[in-house]
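I am attaching a structure below and will ask some questions about it afterwards.
Chain nomenclature is as follows: A, B, C, D, E and F, assigned in order of appearance, with residue numbering initiated at 1 for each chain independently.
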Amino acid sequence: MSIVVTNPPRVDTAIVDQFAKLGVATVHEAQGRKGLMSAEIKPIFRPAEIVGTAVTCEVAPGDNWMIHVAAEQCRPGDILVVTPTSPCSDGYFGDLLAESLRAQGVRGLIMNAGVRDIATLTEMNFPVWSRTVYAQGTVKETIANVNTPIVCGGALVNPGDLIVADDDGVVVVHQSEVDSTLKNALAREENESAKRDRLASGELGLDIYGMRERLVDKGLTYIDYEKWQESK
Amino acid sequence: MSIVVTNPPRVDTAIVDQFAKLGVATVHEAQGRKGLMSAEIKPIFRPAEIVGTAVTCEVAPGDNWMIHVAAEQCRPGDILVVTPTSPCSDGYFGDLLAESLRAQGVRGLIMNAGVRDIATLTEMNFPVWSRTVYAQGTVKETIANVNTPIVCGGALVNPGDLIVADDDGVVVVHQSEVDSTLKNALAREENESAKRDRLASGELGLDIYGMRERLVDKGLTYIDYEKWQESK
Amino acid sequence: MSIVVTNPPRVDTAIVDQFAKLGVATVHEAQGRKGLMSAEIKPIFRPAEIVGTAVTCEVAPGDNWMIHVAAEQCRPGDILVVTPTSPCSDGYFGDLLAESLRAQGVRGLIMNAGVRDIATLTEMNFPVWSRTVYAQGTVKETIANVNTPIVCGGALVNPGDLIVADDDGVVVVHQSEVDSTLKNALAREENESAKRDRLASGELGLDIYGMRERLVDKGLTYIDYEKWQESK
Amino acid sequence: MSIVVTNPPRVDTAIVDQFAKLGVATVHEAQGRKGLMSAEIKPIFRPAEIVGTAVTCEVAPGDNWMIHVAAEQCRPGDILVVTPTSPCSDGYFGDLLAESLRAQGVRGLIMNAGVRDIATLTEMNFPVWSRTVYAQGTVKETIANVNTPIVCGGALVNPGDLIVADDDGVVVVHQSEVDSTLKNALAREENESAKRDRLASGELGLDIYGMRERLVDKGLTYIDYEKWQESK
Amino acid sequence: MSIVVTNPPRVDTAIVDQFAKLGVATVHEAQGRKGLMSAEIKPIFRPAEIVGTAVTCEVAPGDNWMIHVAAEQCRPGDILVVTPTSPCSDGYFGDLLAESLRAQGVRGLIMNAGVRDIATLTEMNFPVWSRTVYAQGTVKETIANVNTPIVCGGALVNPGDLIVADDDGVVVVHQSEVDSTLKNALAREENESAKRDRLASGELGLDIYGMRERLVDKGLTYIDYEKWQESK
Amino acid sequence: MSIVVTNPPRVDTAIVDQFAKLGVATVHEAQGRKGLMSAEIKPIFRPAEIVGTAVTCEVAPGDNWMIHVAAEQCRPGDILVVTPTSPCSDGYFGDLLAESLRAQGVRGLIMNAGVRDIATLTEMNFPVWSRTVYAQGTVKETIANVNTPIVCGGALVNPGDLIVADDDGVVVVHQSEVDSTLKNALAREENESAKRDRLASGELGLDIYGMRERLVDKGLTYIDYEKWQESK
């Protein structure tokens, strides 16, 4: 009953590439603090930074067969997002598969499991985010779905969704929210740049963000160390 | 009922800086194997090495408001030590706050939670030790204490305490124990240097430390492999 | 009742060194996917790659005494493999012991526990795989066995066994299986090299490995995204 | 920008209650091995077994305000499913909230975080599945969404979806798949009952499932212990 | 350099016993949400509920010698609180030590490590909170401190402090805060009892706590499911 | 290349059953503190206590096929010990397989992975020790070895070895060490019984074990609380 969905619509490349200058933290904030994968999905080398469109792939535990099937569905600009159907730390992906994906124009891999051959992957500069590194091999016996919606690192990923990944982790933007998220992210970026200069000059966040009054309202009290010691 | 304690006494800078040449392992041994934070508090980039005086800061889970309050309490030579009031992996701290702390003369951050923007923090060479890296944002709704005693990574930290952090982790030295710890650490360092030369020349620890007799007393027995196999 | 077994037979150095060009993942596959240590045993710096013969060493929790005893049993070309008799994350090993092992010709350390002084170990380029990094010191009060069979990271290690360690982890090859594993690994390497060129040129694994028919037999179905949406 | 969606359609109670006799493992198999929450979501007491329709609720880390909002959206036969917007182990839920939910006819709670007052919850026989037990209290400062799709324990849950929970864990059935899953589950149940009798009488699965030939095809070899020892 | 501090002042028994009717969650709230040990410190059987005064004890990893020393410092009404000087899961404590503590009038054990013989401990009804259960034995080679301040499960414990432990976990009340905490806890208990009746009768927390207006101020919006679907 | 080894020698039943009165902690001590599985292998219900002879079984991740093969190799008095070839938490085993094993005379299961149907397993009173409980199903596609040596929970298990399992965990005794371990365990049991009476009467371990002098030699110092406070 497993299926491979072909030709899902993808976020337009021109829009995708505008996210290239924005980081995961900014994009995550810009879409209302959602879509973030869990902190366990980490880059195998740093720095690493990619944006692209998702090809989604399920794999059985200990079985990487479907990655070969998914490779055929990939187009230039895609990012392959793979999740096992139950938790597994095996090394599903190595240098040969990286060569294959690179040849299809794939920009990187998000693997909710383990990968291996990371010395070679690092030399190749092929970006990978994974849950672990483990040399354990896999078999090719069980099929699963390609390009159906999956949950990866706690985030829902549909085929064609925008993926932004950097040293902080991975965030997913659903296709219907790409435009608003981009707009918010660019505005946020500009705003942060101004704030950054003021903070670097020694001005305090307490003043820049006007927090002092609200802290008093909440009941925050300042007390000198000496007086505090006496009061105990 | 939250308070900000102002002007706590700090370890003298001249003394602090004498710890700069000593590592965490040495300082930890020198004060009798205590004050070490747990192994989960790790540097976000390596190598990294700082010494300084603690400004302590509690934060609510998912809420980084008090870091802004704590920033104002920091002086040149301080290290900000932040702990959530219950376990939380959110990204409490990013590049803007790092700019702000740097402008106050802060030498680094110890964060018993998550941080983000680590590519930029690495470029800035702003040293951070944290439990995790996670792009998840925080709110500013709940207050907590600044410069009161906290437990961070299983170690008690008072405001003004000495913090030593390097690639091995983080150790706290309470103000009353700074002098004796420094003395022990310098002696230990000198002793180790001599040992190191002997070990590098091929002499064995068994002989340098005079362990052979005590091992016999404990009942350690040497047996040749062939004889051992026959005896089974 | 603890023993030190002296002079266990070791895999011949000429054979050991033929494994130097083969990685952990390849060797693990070549011996039938066994002998791999768990993913938690990781290098403290990357890249790192060693091959050698095991000297095995048990240590009590929080007690590194036996590492000094094991150091004397090491010969050039050995790798010291240390496991605590119950789980422990203490920093059993630092720069002084590394100097000592290096002086005995030891190629690296596999530590099923914690290590410390990693900035110095990295500068020394002394390769270490460990479960964690932790500055916590150890005592010298309790004895244990050296050069008896141990379980380290879930893998059985006999003294003299071949150890291969790289960025992907650590694999053990028992002495009786070294020859067949080497033969398989070299064959596998050659085979992979050919495959790699075909994959890099854009040919798909589906075709290279002849998977298409078997996927159909398993029931894999391709469906266009539009039709799939309509069918729901 | 947070919303509360009112009156989402729910699986019909008559159908829901037909799932009461089926366990999580059976339902999970019957819908093609999907929809299972992760193993970390466990009952606070055993045995416990409920079926019902989901009211979904997001909460901020360390903030249980929205559970009060969600309580008003619950109807008899519902199960409240709560997930924090980032990982949090706080005790979001205790005996008072259980009284309130029970008064609204709610059958139980699925909490992707911590709960407290479990001695009283156990006495009340109010079924709860949670990630942990922790007395840590929460605040009421930050809003979030109610009755929007959420990811809980790695599974996507829409408001109104069927929830089945027992000692093995929690499974979600989306509304469009309830009928086919029920049909499969009942068939599976009947089939298992017959198998069970044969297995209990000593017949082997190898024969009942006709596995012997396929095992030979895969290359499985039987060898007597004595011969195996000689061959080594 | 290890010490045993004798005769530390303890919270008065008459006051201690007034905490017996209050649970951990209530006491934790009543002292301003602090003093809670981490959720990993769990009872070995349920239900279990004790109050008492702390005797504090450090142990070396894998070494339970100091528990024998601490036993002599215990008085009727005490609770023994033990923490290893670095993380260790060994079974430090079993039925013999439980007999000994019970004979000294000790009410239970808080063990920041492992225990064993739990079938017998359960039969004896000797309450224990521990991090894990593990049959691994310990040695008696290394000394440490008794009745000095320790950090256990992330909470600071001084000798003589009040300990409250139940199915939800363990909370510490420092001696100077016992009176105010008791007063707050009793008031809280009374308040909760009234709330409980109202919630059980079907009244909503939204109304009892007057939350509706504040939720509107925060921007919470209600939308009917049908309209919400149309708006997407 | 997978094999099933038939008719391995087993520890004699008469001897096995003498271990029935001894617990895991006692047996573990009696054989010199080795052979213990890790603390993560826990009973699914308590109390539970079995002794028997091991039938060993490897399974591929997410694949329980070989359990059916192993069932045929079991004889009355055996305990089935199953380990996945890489870490996996799937529910490999449920009530049907329990019926089958029981029909073969198997006394219980040690599963280095997950199990399911635990409500029924508990009703059946079929003892199981496992790493987790998870309803996730498995396939039958990949073969592995039966009755070869395996590592389970960090302990080496050979077919026919003695297994002792209770509420504290699981310990393995190799066939060559069964006699000496039994002798030691019975002696230890007798010794403990006498000690237990003395401890229950209020005598201290410090005196029973004659520890006072050795503690002084190690440098342990007693200091009254008042004097200790003054000295700071």
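Methods note: a residue touches a chain if its C-beta (ideal position, glycine included) is under 8 Å from a C-beta of that chain, and two chains touch if they have at least 3 such contacts.
Predicted model only: the values in this text are computed from it and were never measured.
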{"item": "Any chain that touches subunit E and subunit B", "value": "C, D"}
{"item": "Minimal step count in the chain contact network, subunit A to subunit E", "value": "2"}
{"item": "Chain labels contacting subunit B and also subunit C", "value": "A, E"}
{"item": "Interface residue identity across copies subunit D, subunit E - same or different by half", "value": "different"}
{"item": "Recurring contact interface, reference B-E, options A-F, C-F or B-C [over half identical by residue number]", "value": "C-F"}
{"item": "CA centroid of subunit D to CA centroid of subunit F, Å", "value": "30"}
{"item": "Gap in Å, rounded to a whole number, between the CA centres of subunit E and subunit C", "value": "41"}
{"item": "Residue numbers of subunit F (touch at least two other chains)", "value": "1, 33, 36, 85-87, 89, 134, 136, 142"}
{"item": "Contact graph of the chains (line, ring, star, complete, other)", "value": "other"}
{"item": "Chain-to-chain touches, reported pairwise for every pair that qualifies", "value": "A-B, A-C, A-D, A-F, B-C, B-D, B-E, C-E, C-F, D-E, D-F, E-F"}
{"item": "List of subunit F residues in touch with subunit E within their complex", "value": "23-25, 28-29, 33, 36, 39, 42, 46-47, 49, 166-169, 171, 192, 195-196, 199-202, 204-206, 209, 211, 215, 218-226, 228"}
{"item": "Touching residues (chain side subunit D, partner subunit E) in the complex", "value": "1-9, 65, 68-69, 71-72, 89, 91, 94-97, 99-100, 102-104, 114, 116-119, 122, 132-137, 140, 142-143, 147, 159"}
{"item": "Residue ranges of subunit E in contact with subunit C within the complex", "value": "60-63, 85-90, 134, 136, 139, 141-142"}
{"item": "Residues of subunit D that touch subunit A when the two form their complex", "value": "1, 32-34, 36, 38, 85-87, 149, 151, 154-156"}
